[in-house]
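The structure appears below as structure tokens.
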Amino acid sequence: MFYHDNKLQYTVKVDKPNPAFANMLQQAIGGIEGEIRVCMQYLFQAWGFRGDVKYRDMLMETGTEEIAHIEMLATAVALNLEGAPQSLQEEMAKDKIVGAIMGGMNPRHVLSAGMSAMPVDSNGVPFNGSWVVGSGNIAADMYANVMAESTGRLLATRLWEATDDKGMKDMLSFLIARDTMHQNQWLAVLEELGGLEGVHPIPNSFPQAMENQDANYTFMSTRLDCKPETDGRWTQGKSMDGKGMF
Amino acid sequence: MFYHDNKLQYTVKVDKPNPAFANMLQQAIGGIEGEIRVCMQYLFQAWGFRGDVKYRDMLMETGTEEIAHIEMLATAVALNLEGAPQSLQEEMAKDKIVGAIMGGMNPRHVLSAGMSAMPVDSNGVPFNGSWVVGSGNIAADMYANVMAESTGRLLATRLWEATDDKGMKDMLSFLIARDTMHQNQWLAVLEELGGLEGVHPIPNSFPQAMENQDANYTFMSTRLDCKPETDGRWTQGKSMDGKGMF
Amino acid sequence: MFYHDNKLQYTVKVDKPNPAFANMLQQAIGGIEGEIRVCMQYLFQAWGFRGDVKYRDMLMETGTEEIAHIEMLATAVALNLEGAPQSLQEEMAKDKIVGAIMGGMNPRHVLSAGMSAMPVDSNGVPFNGSWVVGSGNIAADMYANVMAESTGRLLATRLWEATDDKGMKDMLSFLIARDTMHQNQWLAVLEELGGLEGVHPIPNSFPQAMENQDANYTFMSTRLDCKPETDGRWTQGKSMDGKGMF
Amino acid sequence: MFYHDNKLQYTVKVDKPNPAFANMLQQAIGGIEGEIRVCMQYLFQAWGFRGDVKYRDMLMETGTEEIAHIEMLATAVALNLEGAPQSLQEEMAKDKIVGAIMGGMNPRHVLSAGMSAMPVDSNGVPFNGSWVVGSGNIAADMYANVMAESTGRLLATRLWEATDDKGMKDMLSFLIARDTMHQNQWLAVLEELGGLEGVHPIPNSFPQAMENQDANYTFMSTRLDCKPETDGRWTQGKSMDGKGMF
Amino acid sequence: MFYHDNKLQYTVKVDKPNPAFANMLQQAIGGIEGEIRVCMQYLFQAWGFRGDVKYRDMLMETGTEEIAHIEMLATAVALNLEGAPQSLQEEMAKDKIVGAIMGGMNPRHVLSAGMSAMPVDSNGVPFNGSWVVGSGNIAADMYANVMAESTGRLLATRLWEATDDKGMKDMLSFLIARDTMHQNQWLAVLEELGGLEGVHPIPNSFPQAMENQDANYTFMSTRLDCKPETDGRWTQGKSMDGKGMF
Amino acid sequence: MFYHDNKLQYTVKVDKPNPAFANMLQQAIGGIEGEIRVCMQYLFQAWGFRGDVKYRDMLMETGTEEIAHIEMLATAVALNLEGAPQSLQEEMAKDKIVGAIMGGMNPRHVLSAGMSAMPVDSNGVPFNGSWVVGSGNIAADMYANVMAESTGRLLATRLWEATDDKGMKDMLSFLIARDTMHQNQWLAVLEELGGLEGVHPIPNSFPQAMENQDANYTFMSTRLDCKPETDGRWTQGKSMDGKGMF
């Protein structure tokens, strides 16, 4: 069961509203790297979880935190749209700053949403449930989660670089920090599960004797014009999962 | 900010797991009539709301409740998949009941989700953010909400009819009741806003003098083979918004 | 069976072509609030209708009218693209007005459509059949229709505000008027069906005794930091459907 | 402007309702080979057309006819769903015929649409506006139209083979005939435009001298293990457009 | 089995990087007229082919060539993004050229892709597998292929016109030439299959006696305000397939 | 540039064609865990790569190998559809095995694809370009790749369990082995890049001093009914990236 209060998890302040930046923030709400995706991903993983309850509980905790991140970003979008031209008419023939703003503003922020956030990305492409990974295999899911937080943090740092609004930079520095923690958190589970040798190959429940033994630790080259690289770690030494030799 | 505990809002019990019914329940999770849609719709409306705070607060309250409905249904899907063939192999050539089950089961419940719920509908079509309406106009949004709860309750009653599992019927009787309340809730807002004459036409901020006066209360027929019906309420009397004559 | 003539339902004239406005008009063609959606929605509702023939007939009449609205808007898009740079090349480094135009123009109007309308919204996201609601329940469908016309009229008034082109304003004043009528029309059906008490909760065919009696007229709070609002209509008095007390 | 009467373009009769066949018919409504696609394709091509009015008129005529085909098929879906189990409950454990029916029935025909057609394909994937081709080049569009009618007729013949319902076979024999005509119709335009040499390569307005002269009539092989085929028409003789030698 | 070397099929050089042009090039990668579509279309047609092996082989050859076209365009996108503002911040308030560039740049090229190409079109709408036509009927497929190359070449010529970058014009002149060849190639197959009379109507395996004989070579008018055109080739003379009279 | 020969990378043999299994195999072609996704993902990462050429080369090699996996699976789908009822008609009323087959067969394999593979998943949902991750950050991309191979191998093992066809099991044992190798390969890159401490948090180019120092290594609880778990690795000890303490 879920509850809420009227506080944000962290302050959201916009010093100088910028409709183009509002549009960019949409990527962090409804994009594949965004907060709706991680929110649903952790919650659906928790709701389908059948193993050790402590992982299920943790997934619930962090999934719930992510709702608060959507809330912060949706608030930031609304604040960045304050003062945006409700009517676009006069702005169309105006000066270059307006030109720049116009260039990056999402017309649907005016036409469809009345200056509010929408569950879409920065191209206006709607959030899509197919992005949510919950495979029923905890190791696979942890990698999916590390990856989601990694591309999410990458996005947040790019947004941080794209603005010089003090309020926005502060909010993003918080979200970036949470992504740091969440990366570490999913990696911690992987360590608890036994690390590389404990979980790989994923799934490790499949009897490895049943897989083709000529193909499972061999780099196969498809290149015609020269020999494949041989100084990569993937062509020599013990395999990362400790179960074969490259 | 959001919080949770480990209780469900209402008991979810499945007496006889049924993978085909699990698939049908997906419509109430990830379908256009489903709980993810109303959850996001009410929360995004709240986050973008600029009017009387009491409406914003109520949207937040009910949006948060809907997360708990997704949780209940996701739990119900997982329980209905208990005992489903992890390997589909042997079942394929078996008897007719299995045939029926096979017919309605979503193969991705096995292949992709390891017997868990997914944010998709009962055809496996992913949840789509474009379904979430938050227009910035409270009356338009209330109609969107009444409509969402109406098609949602219709779906829930059809699911209720489609099962004779006592646990599932009980859970659905709760969700149906909540949809009853939520329909009434959004209608109550419309009454507070002034009812039909107060809000229609939507938006009522547009100067009605600017709309074409020959076309705004006239039923226009496109039918060739006979006169249009004239005994409909829409061809005679005062218009519903009290601002014109049909 | 369907027929056409070569007249538009209402004059479409563009005084000063504007490719950015052409893109905005796309929202009214292929967006979720647009004319393709209402057209398909009313026609599919009519084709599946099993009740009183007068409603089916009316749905057909208005569904057919909506094709004419798509036609008007598609014509308006083509006219707004007249004179747009067929080659974008030289415009790229030009002056600020071009900058503004470039900002709002959809590159696919040049690249894919040869200066014509497309069944997409103002972000270029394609029309999606999932938006079409035809539930088999006339009251639910009427709410879906009121909602479609409300968000549609809201969109049309925002487009009206976004342009000072006399021709476009005139066309939009007609479409706005039709949306006024259509809102009233669907509301008239709801009145004929018995109004709030006659149709709610939707569906009213479900035996209300079977729904959970503790949950169907109670506002449930999910808020932690203070008591829920108690001065909303939804927390006191008779329920809107007349069948319970809040 | 568009009109309608209450007749179907051709009789639609279902002798023995079959919900699985209802689902298959959806492919011809909302699939990429279906009637919504050709309807929108011809109408959007007409609305954006800037050349000889006789082509525009013909596109309008046939686009309008296609609405009547959607109508026939939507009627056929509704008729095939008559007698389908409104409640799926009891059928689930019944006999093998029901098993077969269950297998092919779309649960959303019960859950979402109340036994009516929807703008989706036979997998429940919604109609998508991206399928509609209107390029602004009449020859390219005519090929798109030939192709649409070819895959459409192929689909209709496969549906014809998949049923032994006399009514359905009769309806399909009409739709198949129309597809024959429409294939011929678009080919007739291509002949009028000058045939292969007149229109190819498409677009023929591009100065052919500007294209790379080493690459425009040469079959390029990407195959390693043997010489490319040399007895294909595409490796010898005059090019089909009469403007080069293979 | 597939192989590669490190050469491009043709030189890709960008003289003056242009992020807005990078976005336009995306249409040729991930758009419905783009290279991913033809690549998948020819390969899936080949992999499912059951007829004369020489057609299967040719489909494989050209499908493989198309991967090289995606590669060229993805390289061109990356080169056009060189020098684009990694941080968008300072550019936002700058001068008009930047305004113009900003207008056309896809924010996801910065936010999501780190200045690389993505499998999306020039509106950021993702490539969609539904566009890939492989019907199992070689004539229908050849028309689908002619059509794909025709809209593809049209797009390439529009891109050619939209740039004055010498490198880009040169690359496009190569891709345009390949589209010329590919149009001719698929037409050559149609000639080998017997031309219009040999393949039409598609499919020609359906017994034409089973189609409705009143409807298969008749132009049906849906127009009310005047007689249909009678001077079109489609209303007089032998049908294009030689099997009827219009 | 790309090449091919007419051999498959590994034998594809189907002992007993099974149309329902053909449909399940589609998940491994066009699903989010499938081969089209990894193919595009590695190739797009390579084409946009700006770092050490040996990684770019390896991405090209493996991306090219994945095309051969699509080829194997598409061949397997076609073989499993051999002998499937071209006409579904007679099978509809037959016996239980047919019932089971019917239940799992994708009607579009008959209606749209003429018994061939399509770029869709096992629900018929089309492949979607949004699934392809190429972020411009090699560590983030490697995690995306490990995750793709992990869910991919999980899917392949589930398919292996779902069939007792010797040919199919053999093909899958090869694909499973390749996924084992590819997991190890991307992990090997991560080791070369410095392992957890070398790459995390991702991106590691962002100055960590700029992130909120109170939030970056703290587990934040959102749970009301009891204290959060404290015996997880993520609540004590050094952070996994070695840069903080939980």
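By letter and in written order, the chains are A, B, C, D, E and F; residue numbering begins at 1 in each of them.
FYI, contacts are C-beta pairs under 8 Å (C-beta built on N, C-alpha and C of every residue); 3 or more make two chains touch, one makes a residue touch a chain.
Everything numeric in this text was worked out from a predicted model, so none of it was measured.
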Reference interface B-F: repeating pair among C-E, A-F or E-F with over half of contacts shared: C-E
Between D-E and E-F, the pair with more C-beta contacts: D-E
Chain centre separation (chain B, chain D; CA means) in Å: 32
Mean-CA-position distance for chain C and chain B (Å): 18
Euclidean distance of C-alpha centroids - chain C vs chain F, Å: 39
Chain D: positions in contact with at least two other chains: 2-7, 32-33, 57, 60-61, 64-65, 68, 96, 99-100, 102-104, 112, 114, 120, 123-126, 128, 130, 135-137, 151, 154, 222-224
Chain E partner contacts - residues on chain A that touch it in the complex: 18, 20, 23-24, 27, 31-33, 96-97, 99-100, 102-104, 121-125, 151, 154-155, 158-159, 161-164, 222-226
Chain E residues within the chain F interface of the complex: 1-9, 30, 36, 40, 43-45, 47-50, 57, 60-61, 64-65, 67-68, 70-71, 74-75, 78, 112-120, 126-130, 132, 134-137
Contacting residues of chain E [partner chain A, same complex]: 2-7, 86-96, 98-100, 102-104, 106-108, 110-112, 114, 120, 123-126
List of chain C residues in touch with chain B within their complex: 3, 10, 32-33, 54, 57-58, 60-62, 64-65, 68, 125, 128, 130-131, 133, 135-137, 139-140, 143-144, 146-147, 149-151, 153-154, 157, 160, 173-174, 176-181, 183-185, 187-189, 191-192, 196, 200-203, 205-206, 208, 210-224, 228-229, 231-234, 239-241, 244, 246
